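Sending over a structure as structure tokens; questions will come in a sec.
Labels run A, B, C and D following the written order; every chain starts at residue 1.
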Amino acid sequence: MGKNRLEAFSDGVIAIIITIMVLELKVPHEASLEALKPIVPVFFSYVLSFINIGIYWNNHHHMLHAMHRVNGSILWANLHLLFWLSLVPFTTAWMGENHFEAMPTAVYAFDLLMAAIAYYVLQGRIIKQEGPQSVLARAVGTDWKGKASPVGYLISIPLAFVSAPASQLIIVAVAVIHDFPIQPDLP
Amino acid sequence: MGKNRLEAFSDGVIAIIITIMVLELKVPHEASLEALKPIVPVFFSYVLSFINIGIYWNNHHHMLHAMHRVNGSILWANLHLLFWLSLVPFTTAWMGENHFEAMPTAVYAFDLLMAAIAYYVLQGRIIKQEGPQSVLARAVGTDWKGKASPVGYLISIPLAFVSAPASQLIIVAVAVIHDFPIQPDLP
Amino acid sequence: MGKNRLEAFSDGVIAIIITIMVLELKVPHEASLEALKPIVPVFFSYVLSFINIGIYWNNHHHMLHAMHRVNGSILWANLHLLFWLSLVPFTTAWMGENHFEAMPTAVYAFDLLMAAIAYYVLQGRIIKQEGPQSVLARAVGTDWKGKASPVGYLISIPLAFVSAPASQLIIVAVAVIHDFPIQPDLP
Amino acid sequence: MGKNRLEAFSDGVIAIIITIMVLELKVPHEASLEALKPIVPVFFSYVLSFINIGIYWNNHHHMLHAMHRVNGSILWANLHLLFWLSLVPFTTAWMGENHFEAMPTAVYAFDLLMAAIAYYVLQGRIIKQEGPQSVLARAVGTDWKGKASPVGYLISIPLAFVSAPASQLIIVAVAVIHDFPIQPDLP
């Protein structure tokens, strides 16, 4: 079916994304606890993105579990999602190194928004193939969280320029509620 | 059969290639939108290469799906393809950091040409084993796109020194038409 | 079941963690043996962490081998473990570049402690699902080593400020005895 | 059996090793062909190591194909092999950046020697489990190449200090003849 390779490739890319972010934690030259201070915000941005990428992996895992066949448009929709996720290490590091200022926060939220849209598009392609009576279609039909998260990111982008912390709070809140959008009784 | 491991290894290498390119997007030290300006060309070279590597992964996926057995020469032809693809992060970064100038564009096109030739050689090895009546052999027989793409890269190399943008246009055009060279009715 | 993808993703992340640590071995500009001298402590910290990550991979391999189904809480407990392991390249490099001084040694031990706790939590989640009569539950019941290792790390954290070498000795000792905590007769 | 995960993990590590070496090809700031000149030796060391790692992957692929079960000592012998292979990006870059001088060449040959020994040990562990009548045991029995390669590396280490090019010639020759040591009629 080819589904296995799509999963394997996605797992590979997501595994690399979630791991190379740690390379942005630049190793201090001194051995004191104070030397770790400058990387504290980078560390928090890492934790936030680790959770966000983890959520995507979990959801992707559940969604592809409910999928039975692959076609060309699903392959490309999946690559499109991986593209926006692949930018997360960059936007994370920019936000972390600049202490969660307005512009990097807005760009970070924008990246997550595009990833959420790409996920939504991928979901649509899979449902189109699986049919309206499929497990996935019914699970998504009652999934208000999946629809709420792009709205949350959309609000957090302009909000970053009013209050960066408020914007980040929404991003965190979306992560918390977004957790497992499709999980009817999929194992 | 060993086919699974060939797929898994190729997926791993391609996943890493497509992801480590993002490390070339150097994180700016300032939090302003202007600070992102210097990396705009690097970003566009990243997008172009993400699509090109994505096309190779898709095609590789379809081609190996139609393959039934592996032999030593296929293993090496596959490694040869991965070698030229592994240089893409380097040629991409060089082109991006030098604002798509003539020489880096020509070297980028050369790398893609060598990858296209390597893909062609790999295809030949697989067809030789699968036989002239195989699904793959028949799909490739009517595939003018697969033959057009090396020609496109061959033209874009000298053209880069006349007009770099014209050269890049051909590279993009090849990406657009090259998409899915072998896709008769493979799932 | 989804177990395969959990294994594949974990393998990917652990493979990347164990490999990117080598990027901290900065290539010297001179060709003499003396030029390698500054990276000797980094090399030893690399060897230590390679073994520790190797132990985790081996144990993870055995534990998931004995698992039959996956649920949401296992997915997250697994990601939690991968998070602490993903910090190992950073803590390793910090310890290596600062010649195994007190503070980096304590932070390194703290990271391993958190990973050991995360492993313990993951084990608990899996046993809860597999049931008290499962192979895993019985193997863990008689596993004093798995319980000894967090205690070892807990001691090595404050000990680092008294004697860093003594602290490192405990870390090494835990690695030696921790080797294969659950290995009743699992293949 | 767990064999699948051993293969998957090894594939992941080897895929990363073969790919991160390209990160040592530092992107020049100028767009001229001359700007590529300083990285020419690094490029050649990359090609050499790509081939060497490719040979190991191929051989590993064939050897594990002929293996039926995994035990603890095979897991560790495999990790031991991966350890020496994981140092190849470092020794490659050191040799390349120092224009194939004596000391880096000797260290490079030493790393390959240790990898060859580790491969030999792994092979022994697998044969011990598979039994003297197994396909693998018989294939290895007539394999003079597998025994010749450690000898070649052993010679090339001291030879590097007499003549670095002669030493490199032996390393290349070993790569050429070492190609596929065990390939009776394994697919």
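Just so it is clear, a contact is a pair of C-beta atoms (placed from the backbone, for glycine too) under 8 Å apart; a residue touches a chain by one contact, two chains touch by 3 or more.
Here the structure is a predicted model, which is why all the values come from computation and not from measurement.
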### Query
Taking each chain's centre as the mean of its Cα atoms, which chain lies farthest from chain C?
B
### Numbering shared by both copies at the chain D-chain C contact, with half separating same from different
different
### Query
Where the centres are mean C-alpha positions, what is the separation of chain B from chain C, in Å?
37
### Message
Quick check: how many Å separate the C-alpha centres of chain B and chain D?
### Response
26
### Query
Where does chain A touch two or more other chains at once, residue-wise?
8, 12, 15-16, 20, 23
### Message
Could you list, by residue number, the parts of chain C that touch chain D in their complex?
### Response
7-8, 11-12, 14-16, 18-20, 22-23, 25, 27-33, 36, 47, 50, 54, 57-58, 61, 64-65, 180, 183, 187
### Task
Over in the complex, which chain B residues touch chain D? Could you list them?
1-2, 5-6, 8-9, 12-13, 15-17, 20, 23-24, 69-72, 75-76, 79, 82-83, 86-87, 89-90, 93-94, 97-98, 101-104, 107
